[in-house]
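In what follows, chain A forms one complex with chain B and a second complex with chain C.
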Partner chain A sequence: MAQVEIAFDAPAVDWWVLTPQIILVGAALGLLLAASLAPRALPGWVSTIVTIATGAATAITAAVQWNDWGSAPRSTLKDAFVSDGFSLLLTVLVGAGVVMTALVAHSALDRYEMAPPEFAALLLASAAGAVVMAGANDLIVLFLGLESLSIALYVLIALAGRRASARESAMKYFVLGAFSSAFFLYGIALVYGSTGSTNLSGIGGFLFGSIRETDYLLLAGIALLLVGLGFKVAAVPFHFWAPDVYEGAPSPVTGYLASIAKAAGFAALARVLYVAVAEQSIAWAPILIGLAFATLAVGAVMAICQNDVKRMLAYSSISHAGFVLVGFSAVPATSGLVQWTEGGGDAVSSSVFYLIVYSFMALGSFAVLSVVGAELQSSEPDASAHALSRYGGFARRRPVLALAFTVLLLAQAGVPFTAGFWAKLGVILAAVDARGYVLPAVAMVTAVVSAFAYLRVVLAMYAPEGSSEDEGGTPTARASRQRWGNLPLTSVFAISLAVAVTVVVGVLPQTLLEWSRDAILSIVL
Partner chain B sequence: MSGLDVTTGWYLTLGAMLFLIGGTGLLVRRNPLIMLMCVELMLNGVNLSFIAFADRFGDVHGHTVVLFVLVVAAAEVVVGLGLVVAVLRASPRATADDLSALKG
Partner chain C sequence: MGSLLAASGSGSDFPLLNALILVPVAGALIVALLPRSRPDLARPLGTLFAAIGGALALALAWQFDAADAGFQFVSQQSWIPALGISWHVGVDGISLWLVVLTSVVVPIVLAGVDPHHDPKPYTAWMLLLQAGSVGAFVALDLFLFFVMFEVVLVPMYFLIAGWGYEGRRYAATKFFIYTMAGSALLLVAIVATAVLGSPDSGITFDLQTLAEGQLLGENTARLCFVAFAIAFLVKVPVVPLHTWLPDAHTEAPTAGSVVLAAVLLKLGTYGLLRFGLYLFPEASDWAAPVLVTVGVVGVIWGAITAAMQRDLKRLVAYSSVAHMGFIVLGIFAFTAQAVGGGVIQMVNHGISTGALFLLVGMLYERRNTRQIDELAGIQSAAPVYAGVFTLIMLSSVGVPGLNGFVGEFLILIGSFDTRPVWTIIAATGVILAALYLLWAYQRVFHGPPAAADRQTADLRRGELLTLAPFVIAAVALGVYPKPLLNAVEPAADKLLEHFEEYSGFEVPELGDPVVVDHGDSSGEHDEDGH
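On to the complex of A and B.
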């Protein structure tokens, strides 16, 4: 037995760096405490307001911190956690995602019979996990962030457990989530065994500082890390769970899953690949390209086969993950060194831009689905909720909402003058710069294929009334045929926010492009 | 010392085997409770690997990792058992094959 020296010196804690997480966790605990101490059940709007305020405070804190030390990142807890432009930009995104999810959920909680304080606390706890993932500079901290995000999400879906579909969705997500976490953890163990460290910068420094033979332990570890994170971001072939889970989960939670949870997974992927094991990029770059190919193709092809709008959006979210992977894999891997300042940074920043833009489009789209789900359910209680045929004549009943949904869908398809266009253009250009034309060509073809899936929904909404069977007849449908009547205001606000971001970034992408670029260039390597 | 010299490699092999048994069990078995146990088996295989590496390096870090993993595994089991109970309460004797309403 080797002697283990135990000399514990407590690491210095920079509380100001950790403020975003403290706000999120503090609000979650406070809300739970207040809910259990209150003499009667807290009204729903209290939880919603607290959640929105917390999300906004997190985003604002991160923005202030970025302003303070954006170009000179800080780290704390013995380098286990860093606060650089990358983590702060994603923290702002998480804050915005929490705000939008809370707005959408406010009107939907009753329908799913979910308790507002529990929902809000779990949402905030999962957001704290996402923020930790974005700034983790240690594989174990990354794992803890991943688990707090995931475990909170399992329960968030299961809260709607009165519905069989939600129970099934939660169970599937749990089993595959736990499975992938185990893979991720085994990857950490092997990387630790090979390099003697779990610190991302430490691993990176060790690998660059040593000339070694091929290390199969390390390669196996990297492969396992890729499998674990591949599950989390739903990259093909690790995507089986995504359509089922997205379909069965309550729509507001699905929006959160598709945007923030996915963004956090990609943030973790970026840190692991570019900070820790960049030196081995010759080994992992081909895998990443293969994942990008498969994810693009399967996502787009399966999306056009779906007759359920929610499921179609789930597959389209897989295809969007493929586009993000295109940007990730466009980092030049020629010398085994990530050429961060010459092209590599641009490639990853195009992915970050894509993630941010896509998050808003996904949150907005699933917000629309949440509103539509409520209407279809109230007019016709059997719940095969989002069949494409039920969207017939939707533009007639809800012209404004249908227009907003159309904008969001067209943006996802990548139509010019929407944010989605610049996002797709960015990753494809980065891929063209990096290597050949095969991957960009495939990306463009799949963009066209998935555009067909979005246009099908748009056409169904604007189809003449006669083509849909459940239109016009029932008195409830006639009563709800008014522009704004009984639309939940909070959801409308969230949807307008998403549409506004999509259109404004589509017309003026420069600011967000610069932010993503600054974020990537200031990443702690 | 007589007989076999038990080196780090042995522990790593045992850890890998536990991980594989757990992983295979998760994919093969249909009882939700057994699947939960298989997840635990996978995590404990990883824990064993961590301890073996930490012991070889003489590094306390690997040992502390195991404590974190234990806590996470406990949290996961709490949620997992809750889910299993919710599923079984709705339909007693359910197996993973019964959870297949969502497809397409």
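On to the complex of A and C.
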């Protein structure tokens, strides 16, 4: 190493560590290439199969890697990217999310007039961004992941540009997303100015080693990072884009947006807070608690005010973000090191568990909406897309689908024997463990409030044909009772997968609890 | 004393309690999977499974060792070891009769009450309701209890929303939200109790470990108790948390009302005993004045409101509020007689109010109305119906010789020693009960019948068969309540012993057995332990 003459000292690359990203990006590029070189338009199923295979391969690779070195994290690119249990577990989640989104989208692409290869490529590119975010150990890399995720998503929504709502949605997401990226970048600059490093472990080591006066530069940097990531995870008061964007985006994309994009944002939040600036928890924990309060309350209260199911789910997704924040903010008040690792472990692992469980519930719910949306559109194209009144009698027409949706909604409400229950329990447990009582109590009260929102949908579905809870309403009168008839098979498969995960984890949560506990060891230690 | 090993199942090793929970669940799954073309199979098959549960419950009562005050038929399996949660079930004298009541009432109403439409989901929900309720009564793990307590909501919600009357959706949602609001706090309190009250060996949700350990600080325990109590008081319900009950009861289908009255309300009072007194003795003593007050307010309020009702079903619903108030008074009087009386009153209220709801439902089937002023002189047209109604009504009023008397009397006697003023006020509730029920009876059954009244058909054989177990139980337990008392007494004594040990409350000595000739005994007593 003595006489390296070249000006640029290229970092060593551990290709095997980067395999999940390479698979995702490679498949995306390959698809684009094939689509542009092919003499005729590629049939839709080709892209779908490629996407599913890629998602599955990513998840499997990550699982194998976790098995290889899960407890002893490996880093590469000069410690800019780390592959530990946390990033690998989230990579598996992203892979599963890609598979489910591709399944749901397969039958919906025509309806939204989206070109299959472009859709698939963008989906995979955004997934690659999410995976990078989960494993980034450097603020710059984190920003790159954030941008690849976001930019792909802007375009993904805009692909359905024939619809005015989608165009509006994409524009809104783009403007506000760019805005939040600017905040994030400025935060990076300030933190770098204060600590002299953009490397997360570097920052953590620097702060750990020194006893310092209050460093306003650093605090401002942390605050800006929180703002930037708060936008991504749609925490109140940075949530204003979410309901509009969720409502306007095509349902399969909304599911992806609500689950994977949000999970990636939270993953980044976990890394920044717990790896880099854990020592400053006195400063940021109260902010997180405040965000959690606001997010829970606004999400739940706004959810019950909605008369549109999709918009209701958008607000409910905000309130779920509040629950995740409850877990993250559950830092022991006296952060001595020993207690820190114990309490902090529970805090992050409960949030990870919540994220995984919530992702499946959200993917499943929006998959149902996608199927319902197609049916409603074909019966009455003009009426407002997912008005609650149009769900009247849904259980008569589609008993099995209605049952699946009911399970997913009850799981979101946190009914026992569903995964949502353990998720809520976990974050409450972590918060109580950190000796906070008001926040968990408020969280549970908001859970009741949102339960009302979910129940309204369930009631509407099981109401007799045409009568609706709300005044007026358009009876979608179609007497024929079809159990499976012309349901898109791929969507059915995706929904069954979501329901299966929800119920199985609901009855036997132990395995997933252990996974999420193992996953965060490298972060909080 | 509280050792887990000591309380091994008497009799065989057959996991009776698990079977009591799992048989209805299996039944529900099988019914749900029945082919769409054979909806007629659903109810018979469901009734069969429910009845197997009922038979197992009777076997449980038969094998139950009344002399043993501890938990029997205990079964414990690890469930989520990471959180110290286990599937831990057991039954003692307090829960035994509630388990039996649940397991017997559900098959009866399944067989006896026609849902009119969609028998398949209806039957499945009823079976799940049975499983969840039994599960809540036998759970010895805080967590398992909470899960069962919550799970019961879902079938009840769908039963009301799917098979109820005009205002069913409002009533169902109100029921769900009220109860869930209570249990939201309950979950936080359970978690706090487990986190803060677990021994050093690790977190546990085990009821016995936590209750025998008593590791919570005084203020923490009081806070947790308040959260527990709110959840249970909503379920009981006490005034002013009761407004969901008249709606839910009135709008629920007959079978739903019966199960709601006979079983679900008991979850509240049972919870107060098992998870209030046992888990938080000191806090129970601290909060007792308030709880006794709300109990007595419920007695009077429920009775007066019941007297004002124009809807017969609503009247019965409000009478529930009054009866349940008595039980709350009994529990927080802290004497063996009052607590024992409370447990017995839970069972008896289930029998008499359950039967009253059945009767009102049968009347509605005939007349399509429950308005008292649209009915008159039914007695002459339907004498048998009127006879059964009279008997059940008298049992609900608490006439000696019928079951309602035993519990109420024990509660009043037992409470007088520690809470004389409240007891005297509550005793007027007995008179009010006679007033509203007899007045309603007079208006509905006496007087000149209109044309429609004259055509009211009398009870059919099937309906008689449905009512027969209730009538037999009402008379039998009124005349000879000893088997009931024998099982309850040791468990109640043991619970109070535990309570006394940790609360500093001196339970007055009242002489041994819970027999009625001790009404005059008075020991040293202490108003509320401070």
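Keep in mind that, in the parts below, the second predicted complex is superposed on the first by the 494 of 525 C-alpha atoms of A that agree within 3 Å, B and C clash if a C-alpha of one lies under 4 Å from a C-alpha of the other, contacts with A are read in each partner's own complex, and residues count from 1 in each chain.
We take it that a residue touches a chain if its C-beta (ideal position, glycine included) is under 8 Å from a C-beta of that chain, and two chains touch if they have at least 3 such contacts.
Owing to the predicted nature of the structure, the values given are computational and were not obtained by experimental measurement.
Contacts of A:Arg390 after superposition: neither chain B nor chain C is touched.
With both structures placed on the common chain, the touch criterion links A:Phe174 to chain B but leaves chain C unconnected.
Between chain B and chain C, more residues of chain A are touched by B. By the document's definition of touching, of the two partners only chain B reaches A:Ala189; chain C does not. In the superposition on chain A, contact of A:Met444 is made with chain C only, not with chain B. Of the two partner chains, chain B is the only one that A:Phe143 touches; chain C does not reach it. On chain A, the positions that touch chain C within their shared complex are 410, 415-417, 421, 424-425, 428-429, 432-433, 437, 440-441, 444-445, 447-448, 451-452, 455-456, 459, 462-463, 469, 483, 509-510, 513-514, 517. Interface of chain C with chain A (complex): residues 36, 79-83, 146-148, 150-151, 153-154, 157-158, 161-162, 169, 172-173, 176-177, 180-181, 184-185, 187-188, 191-192, 195-196, 223. Across the complex, chain B is touched by residues 1-6, 140, 143-144, 147, 151, 154-155, 158, 161, 164-165, 167-172, 174-175, 178-179, 181-182, 185-186, 188-190, 192-193, 196-198, 243-244, 247-248, 306-308, 311 of chain A.
Here chain B touches chain A in the complex through residues 12, 15, 19, 22-23, 26, 32, 35, 39, 42-43, 45-46, 49-50, 52-63, 65, 68-69, 72, 75-76, 79-80, 82-84, 86-87, 90, 96, 99-104, going by the rule given at the top.
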